């Protein structure tokens, strides 16, 4: 029996469906139950949180957690489906410290909020950047510039006159 | 005694941040009380660009993720697409792929060790490391015409076959490398100052390392016997004989020694590959290839799938890159361009543990710890 | 398959090693300035100073240590044993911009990095030069469509020499350095300060 | 005869040479007419000092070239090649370029101290050469407290370093300066203690006396250098002087990968050049002192028909360059230490060992063994 | 007091000094490896990907290279009444996809890497600098 089925048996209320993602077992979790399911999964021995991926499907968001177990040498994929208007899901930082940066990155680039995250700020782009680039509706035409403020922090604006060289 | 805290800003342009990374340090004298890492000074938006490129056009971009070891990045991407489209790769192509990846692993570790020692103040090691790197790069140049950004892998195979005279030169390189590794070890391994700087510094336990999602030599330095080449074998690794190098101490020195040992193992793998190199085509033709022009030789150029459309679906595929677990999460919607590509880069996840590693240490220790983690900023910021 | 043979020997003409004393002097960069100073308009008083200072400047270009991306690794390659930029007296990579004369913009200049690069340039004392290395800093290169990359470093700071390549191989890099040396030879003493152009 | 042993310094040597040629009396009388004989002495000494400083500056320039060449040799490359034959003109070019650079004083820096600090570093670096015997009678002034003078003068540079670090108003500079001062202070003690052990044998602080004490041979072959009497003292002195110089493995004041450029991060142009020159002048001076104290100074086999002044100068320079080469060779081999480890070693190992060494030396001399 | 238990005989450092001295004296196959560039050159591999060259007779100006270029380096422009590619080498990433894509095998990559120039415009290589005739020595 693969781990996704196992998880469904243990928590029948929170697993919506199971399946396979190429060769990896996949379980779709209800978004309210993610933290409980993840705790259960960690208990099952999946100690390595490999990656968190956020995907914008224009009508919905999906967050995918790829897990691996060092003990059992098994893979497991967890998937949460989020509403497009207000994408928010529980943070897994309490279980995996490594989730901290991965969630921040997902927040930064895709714009998914993680409830309970200790420090949910942008990580790759400067604070104040307009929009989340990996969303399909991101405006690629507006140039945004960064300048340094008094205290050494970044200031984002669409006006690059301080930065650009006068020709 | 009450002392005033000192705020120090290291980077983004600093000699020992291996590129553009910024540490914000809250210091008590010379002791780091808190280290905050600010990323994103090299964020180039590769994942967004991937949505605008065809599957083939994205290959050169994977070179520029981890620019010290581009072949594994190439391969990780190509492997993910092949898994998505279920393409079977000819055996010779797989052998060549593994050969270049292992060669690149040596190059990566040479750069890693060299820049670590450079940060510690011993520039000689870096010079010697780059001397051997140059020889490896000449091999790469013979093979694919570029030194760092190869764009050598193709979906279903590799771009070009091994050129004449490649294998003898490779053999020469392996012979030479054996001697040089001995030189490095004599120079630095037992150096008292080096031991003082590295042993017992920035220790991380196995549980913590796993919890942080650390992978690669960094994790193996903490005593976790984990190598994707062994546990989730891909390509031809199941047929190869190699040892997973593990140290149990979990300090900077252990991570350094793991790298030195891995170079030896890579040489061992290279020897096996040379001995068993099979003869076959170098690119898959069964599904997406086009019919070659009559009389044209059997190369990637003639079998080049200009319009490549994998079936719709999602795949996460990962390999053991020199720095750790490198994964590509690809979502295809059945068009010529990927819908979404997410890159799981080893440097990004390994770097996340630095603030924990260096708390209570000093600035020189931060540099040693950071060097021993081996981070490339192109891989972190993507 | 490949009937066209491209004769590469003609492209890469190998420079002759200097033999006579005059050739050797010219190679170091002095003689050329002596000869060319006559044709140039400028303050006569400064011309002899010109020759000496230009020679000194082109002979000891200290770059600032500022690698940005991929090209930075090749910058290390240039400084290492096989190519050895030290032959031109340039191995002193100063970490502090205050002591540097030359900035290699080696790699992608992102929007977030751009003000820092500009600041670094402004911190360097005059006279100073900039070499833009690689496609990314020349024009934005592979990433010129990206939302977070500046489309060429010359938008923010003046660039003296552009070296194409992604990354350029170390010889191409050294060729760029030689081009810069040629440029400095023909500069006036105060060219960088706006006098004696 | 002007090659006699009666001369103690270079002034007397010059006077003797002039006398031997037969012009000294005329010149002396010329000055005597105006009642200004002392001016002649001042003149000669000034010329001597000018010659010394010129010699030091040329040597320093040569040392920067040598440093780059030695690094290149270890790292299997060539080093400077293009400028001048084998790149010999490279340091000159660097100097001229630095003169022509813009001199930046940061807006928030303390203007006066910022400008003053390089001079305070540079002047003692030259003054330290006054009592160093370059050869038989080739010494500006044989001070009776020569060794004390050297240690005292070299203790001035930490003050200037601290001024430079403070005035720059830069955190890296300040940290670098703090490190430099801590390091200098803690290593001056073992340095002085190791030197005093030598003084116990000679009974004099004069550098000339120290060198003369090493002139003999044991069994006619082994020179009576203090390195053989004081091996521990020699090692301690060498390590402490490398630490005082702030070279790898002890280059915390600069430590490029940690503190950018240490206390001179903010300096540019000629002021930076002064720090640079002072560093190498110090290297030369310290190597000279090591030679004087432990390696027999200018002593060496006498070659007939060549004035002893010349042979002794050659012996001294050969020994000094050997010491310099060793420091450069060491620099290319080892990584940098950590500042707390360095201080630990300084206070917990070097000082006790130096004291023990002193005790043994004192015992040997009192017991009359040597 | 952990540092007290360390090896203070410094054999490690002495070993290091020995191996560096071997390099200084070039003992045992440790030669100086520098290639003095303007006077000597490294041997380039035949596959080296340098500046492009376009076969004047073979090129049909179809624009497949333009389409296949990952970052729009190539533009098709009119030259001598025909259409040829123009390459902005300041933007090119030398990946070789245009060479792979060309249906006529007209576009090649030469071994010329000495491309540094003083202005941004002068690194844009038009057909005048790219074209060569088949059979003609370059």
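Letters are used for the chains, namely A, B, C, D and E, taken in the order the chains are written, and counting of residues starts over at 1 for each.
In this text, a contact is a pair of C-beta atoms (placed from the backbone, for glycine too) under 8 Å apart; a residue touches a chain by one contact, two chains touch by 3 or more.
This is a predicted model, so every value here is computed, not measured.
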Contact distance in steps, from subunit A to subunit E: 2
Chains touching both subunit C and subunit E, listed by label: B, D
Greatest separation from subunit D - chain, by CA centre: A
Chain pair whose interface holds the most contacting C-beta pairs: C-E
Centre-to-centre distance between subunit E and subunit B (centres being mean Cα positions), rounded to whole Å: 22
Centre-to-centre distance between subunit C and subunit A (centres being mean Cα positions), rounded to whole Å: 43
Mean-CA-position distance for subunit D and subunit C (Å): 37
Averaged-CA centre spacing for the pair subunit D and subunit B, given as whole angstrom: 48
Junction residues of subunit E, two or more chains touched: 3, 8, 13, 16, 20, 32-34, 36, 42, 44, 70, 93-95
Touching two or more other chains - residues of subunit A: 125-126, 133, 138
Contacts with two or more other chains, residues of subunit D listed in rising order: 74-78, 81, 256-257, 260, 332-334, 341
Pairs of chains, among all present, that meet the touch criterion: A-B, A-C, B-C, B-D, B-E, C-D, C-E, D-E
List of subunit A residues in touch with subunit C within their complex: 125-126, 133, 138, 140, 144-148, 154, 163-165
Complex contacts: residues of subunit B adjacent to subunit E: 53, 56-61, 63, 124, 131, 134, 138, 141-146, 149, 151, 159-160, 163, 179, 183, 186-196, 200, 300-301, 304, 306
In the complex, subunit E residues that touch subunit C: 32-42, 44, 53, 55, 70-72, 88-95, 105, 108, 110-120, 123, 132, 134-135, 137-138
Complex interface listing, subunit B residues touching subunit C: 12-15, 19-20, 40-46, 48-49, 52, 60-61, 64, 67-68, 111, 115, 126-128, 130-131, 133-134, 137, 147-149, 296-297, 377-378
Subunit B contact footprint on subunit D (complex, rising order): 71, 74-77, 171-172, 175, 248-249, 251, 255-260, 332-341
